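One chain, subunit A, links the two complexes that follow: it is found with subunit B in the first and with subunit C in the second.
Right after this comes the complex of A and B.
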């Protein structure tokens, strides 16, 4: 199925414009491939690279369309984490999260889009435009978590994109902890079930759903063990993000197995002696050599530990993560839906009928979600303050992508609460461009100095 | 080994002791805070409700009996009951009650057959929960009325006469003695009819609703009277809760305090938010909530001043996956309550 709308009559000016657009598309696609390959090469060159990461890097190195075709299952793409993965899996479909982390892709979509807009979505639309032939999708699930996702269909049209599959909008209630809104979300989940039945041609029962829930519980356990490694400073945030970024690019069982392999390989590594993180960078810069990010494995016990919250970070845009490392900070906790909150958590079920399983899934995905789209923000604050009385982190860095109003508002709501508890807080507003690297680094270094 | 496995073992051991222990000479006395039915031939202990209704040892005692040695024996039985409640709190219901185990098996059967559990509206649930207070009121007032001559003497042991456990537990051991109507007089006929209807309702109810009878059980009211004395209790730190609803979903008593709202005045400051006890009336002390909570330190099981278990992501991940990690997670990272 085409990701790009076909042009109309082949008149000469149109044909010329079409050829120009095509050339531009190819150029940007090539730039995107280069960016991804460059990031992967830099990651491989890191001193803390272990062979077990290769599986994830290989998945990220593939073009998404080729990668998804290799999975061997029809794919249901979705945008936000509130669409229950277990339900998609139970229908024999592969859940694939649409992500946009390429700065180059933004150049393709920007002329057709508002000036101030979520860079992730702009990049995603650009990525879709850059592909001549997109992946075969059985369906496209769009939980309308923010204004941009509500208008995803219109934005696609603005970009001249023909949606690659039937679009299913989910309407999440913005208020939690109310029986009425929980019921509404449950109805949405049932509606999603109907949609998945229609696109997969497969009506499922409690057995299939139970099995899928078990599979994702295992994945959560693997993820949870990796989170523990990160807390213990054995697994750097950047590798953790690589692992989670590859989650949707293979069958969940394979990913779980590979994550266990990382856990076994990295979990036993002992921390080595202290050193200066910045020294590596300074020496490398002075010598004009790009050594890649520093080896933090030995110095992590010296680095100032931080909690990284806010807008998600997607491959290959690891700018913020690298800058945090460069500033001598170590991320031991994050609350990104692209990272630690990749899965909502294990689903506890007491009623194993189909209705009971659907209710459990619906509640887990709605109530456990920390997305700022919801009215109550106390859970987000809880997530930060709950861990603060442990010597896990010394400050909070709140990452806001320009144009992401929800996280912007959330940062304003969270800041006084966090500061009120005596926790250092830094709001870091950025986008996918590289121009602000130095400014951000200076701010991060100054922040590190206050910890 | 997980808490769930411990509980499973405990329930079976107590079921065997309390149902058949008497045949081997085991007797745990008449002060048990669980439904160990004396109408089961060869039971290994007696539910305190039975003793409480007795004219010779409970609320029906007259002054002559009260001032005799029997009065002291009754006080000793009450003291023992209170001590047992203080020791294990409401976990008597979740960990030892033989009829609780029977209900758990009914729920297991329902789950095996993938039949949907009944969901009651808040209003219905509130109504059902008041029925246990009605039962309790009936239980404590009738013996007093008999002593005062205001009720028929055949209503002695008024609650036992209509308690479904009296019919169902003996039936499980093959004893059909109580499966009949008593035509001796209108009072006994009425109570036996009520017994049949009540038992039928409970049999159906416990299949469609987990621990249905516990919603009506007067023992939980009696145990709840001594709540301030509980050593074993579940506490929640609202400021640690992410509100995912796991705990509420697995609570057989549908306790809604599992997801308490934060007081806005506290401004999310942990110092201003006090832990909330979940060991309220209706709690069965099963600790499903603490085991399923995937937030570090949000729920804790405390025994006296000691936190013996803290909820953690690590434990919940293993527990819900099916692997057991009780000892590993015994002292989870959230040791703060």
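Right after this comes the complex of A and C.
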């Protein structure tokens, strides 16, 4: 199925323009590939690189369409972290989050889009335009979390794109905590189940869903352990982000195994921990993998610790992460849906019936969602302020992508709460361009000086 | 022992020599390719003027957007911290809020009583209100920046400059001049538009400012018309140092004096 809308053969007068458009697409696709390769090369050259990161870098190095084709399962793409991954997996589909981190891609979509707009979606649409032939998608799930996602279909049309698959709009409530919310969320989960059944041709029961929940629970445990390493300054944020950025690019079991290998390599936990670790350790040793932790003691001693919040960060646009590092700051906590909040948490199951599993799944995603889309944002604010008791933690950097109105507003709500606790707060507004690097670095360095 | 502060800004390179916390010498030169060489020439000039040799220099710190270009500095410091250090000392500890108008940015820095940075804000990616904006208006009006203050002190009523975008302001000013507005009225209107932009950045903090706490520095702060417009907008007195364009370089020199020497 084409990502790019093509309404029949181009007429002769338009053939030349069509060739130019095609050449432009190729040029930008080539730039995107260069940018990704450059970022990966820089990451590999870092002093804190360990071989266990290669798995994730290799996944990111592939073009997503080729990578998805290699997975060997039909793909259900989605945009926000509200669509329960377990439910998609249970239907025999591979869940793939649509992401846009390429600045070059924006050049393709920008002429057709509003001037001030979410850079992530602008980049995503540009990335889709850059492909002559996109991946086969079984379905497209669009939770309507913000105005941009609500209008994704219209924005795609503006860019001349044909939606690559049947679209399912999820309609989560705009109030997070009300008596009606859980019911509505549950209904949305059932509606999604109907959609997935239709596109997969597979009606699932408790057995399939229970198995998928177990698989993702393992992934969550691996993610949690990596978060712990980050808290201990053993796993730098940049590598953590690389690992989470690759989450959707392989079967979840493979990702979990590779995440465990990182945990073994950079942690001091080689001989303790969850049941599978001993096996992992033996396998890694047998494969000749160096399990010794890299020497991060200098970084650990000198860097000032920060909480990084706000708009998500997507590969290969690691500008903010790198500048934070360059300013002598270390991110030990983040609340990005692209990073620490990749998974909402393990689904707590008390009723093994299909209805019980669906209810548990729905509740997990409702409770775990910290998106600022909700009218009652107090929980979102509290979730940040409550973390300030963390002993490693000295200040908050709130990353706002220009055009991301929800996080912009959230930053205004969080700032007085944070400052009221005597915690330093820096709002960092940026986009995908590189021209503001110097001015951002100045702010970050000065902020570091205040901690 | 002498310490040196080098502020490699987007429009000018400033050098300050400090001895025992006292400013001994300062000069600037326009920013151009070869920034390290240009800064080095200023330092040589300083040593010559003060009859010193390079062995008298204890430390040198670079700041500003080009700070990493001056590789022989013993330390680098961001310009916000350098500004805070410099102004705290030069204001005798009275400064609590600094408005810095640099070549390509606008900063508002809040300090505590010990000169530590409490908070700061900077302009968005936009040249409006920055030193570049001043230069642009001077070019359109074909008037030297040094004359702005004098022209703004006259009786002309300020024009209403609706746009605070540096690009659109150009066409707006050209249009105003074509309709008969005087240069003086345009400059007054320009000062007012910059003051409004600064006031938005100062925000609610303005209501807490006590007399003597608000200081303006950076190159454009030598323009008395801007100072008057700011006082009018913020409704509180604005203090300006005698050589406000050197505050950041001076702060960098103080920072250098405190920093261990690079091996």
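Heads up, the rule we're going with is that the second predicted complex is superposed on the first by the 415 of 451 C-alpha atoms of A that agree within 3 Å, B and C clash if a C-alpha of one lies under 4 Å from a C-alpha of the other, contacts with A are read in each partner's own complex, and residues count from 1 in each chain.
Basically, contacts are C-beta pairs under 8 Å (C-beta built on N, C-alpha and C of every residue); 3 or more make two chains touch, one makes a residue touch a chain.
Worth saying up front: this structure is predicted, and the values here are computed from it rather than measured.
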Open item on the list: On the A-aligned overlay, A:112 touches which partner chain: subunit B = first, subunit C = second, or both, or neither?
Closed with: neither
Open item on the list: Once the two complexes are aligned on chain A, which partner has more residues of subunit A within touching range, subunit B or subunit C?
Closed with: B
Open item on the list: If we overlay the two complexes on their shared chain A, which of subunit B and subunit C does A:368 touch? Say first, second, both or neither.
Closed with: first
Open item on the list: Quick check on the superposed pair: does A:450 touch subunit B, subunit C, both, or neither? Answer first, second, both or neither.
Closed with: second
TODO: For A:351, select first, second, both or neither according to whether it touches subunit B, subunit C, the two together, or no partner.
DONE: first
Open item on the list: Which partner chains sit in contact with A:232 here, subunit B, subunit C, both or neither? Use first/second/both/neither.
Closed with: neither
Open item on the list: Which partner chains sit in contact with A:54 here, subunit B, subunit C, both or neither? Use first/second/both/neither.
Closed with: neither
Open item on the list: By the touch definition at the top of the document, which applies to A:429: first (subunit B), second (subunit C), both, or neither?
Closed with: second
- [ ] Mind listing the subunit B positions that touch subunit A in their complex?
- [x] 111, 114-117, 122, 210, 237, 239-247, 249-250, 252, 259, 261-262, 267-270, 288, 292, 294-298, 313-314, 316-318, 320-323, 333-334, 336
Open item on the list: Applying the document's contact rule, which stretches of subunit A touch subunit C when the two form their complex?
Closed with: 419, 429, 435-436, 438-439, 441-443, 445-446, 449-450
- [ ] Going by the contact rule at the top, pick out the subunit A residues touching subunit B in the complex.
- [x] 176-177, 179, 205-207, 214, 217-218, 220-221, 224-225, 227-228, 344-356, 359-360, 363-364, 367-368, 370, 376, 378-379, 381-383, 385-387, 389-390, 417, 420-421
Open item on the list: Under the definition above, what is the set of subunit C residues touching subunit A in their complex?
Closed with: 65, 77-81, 104-105, 116-120, 122, 124-125
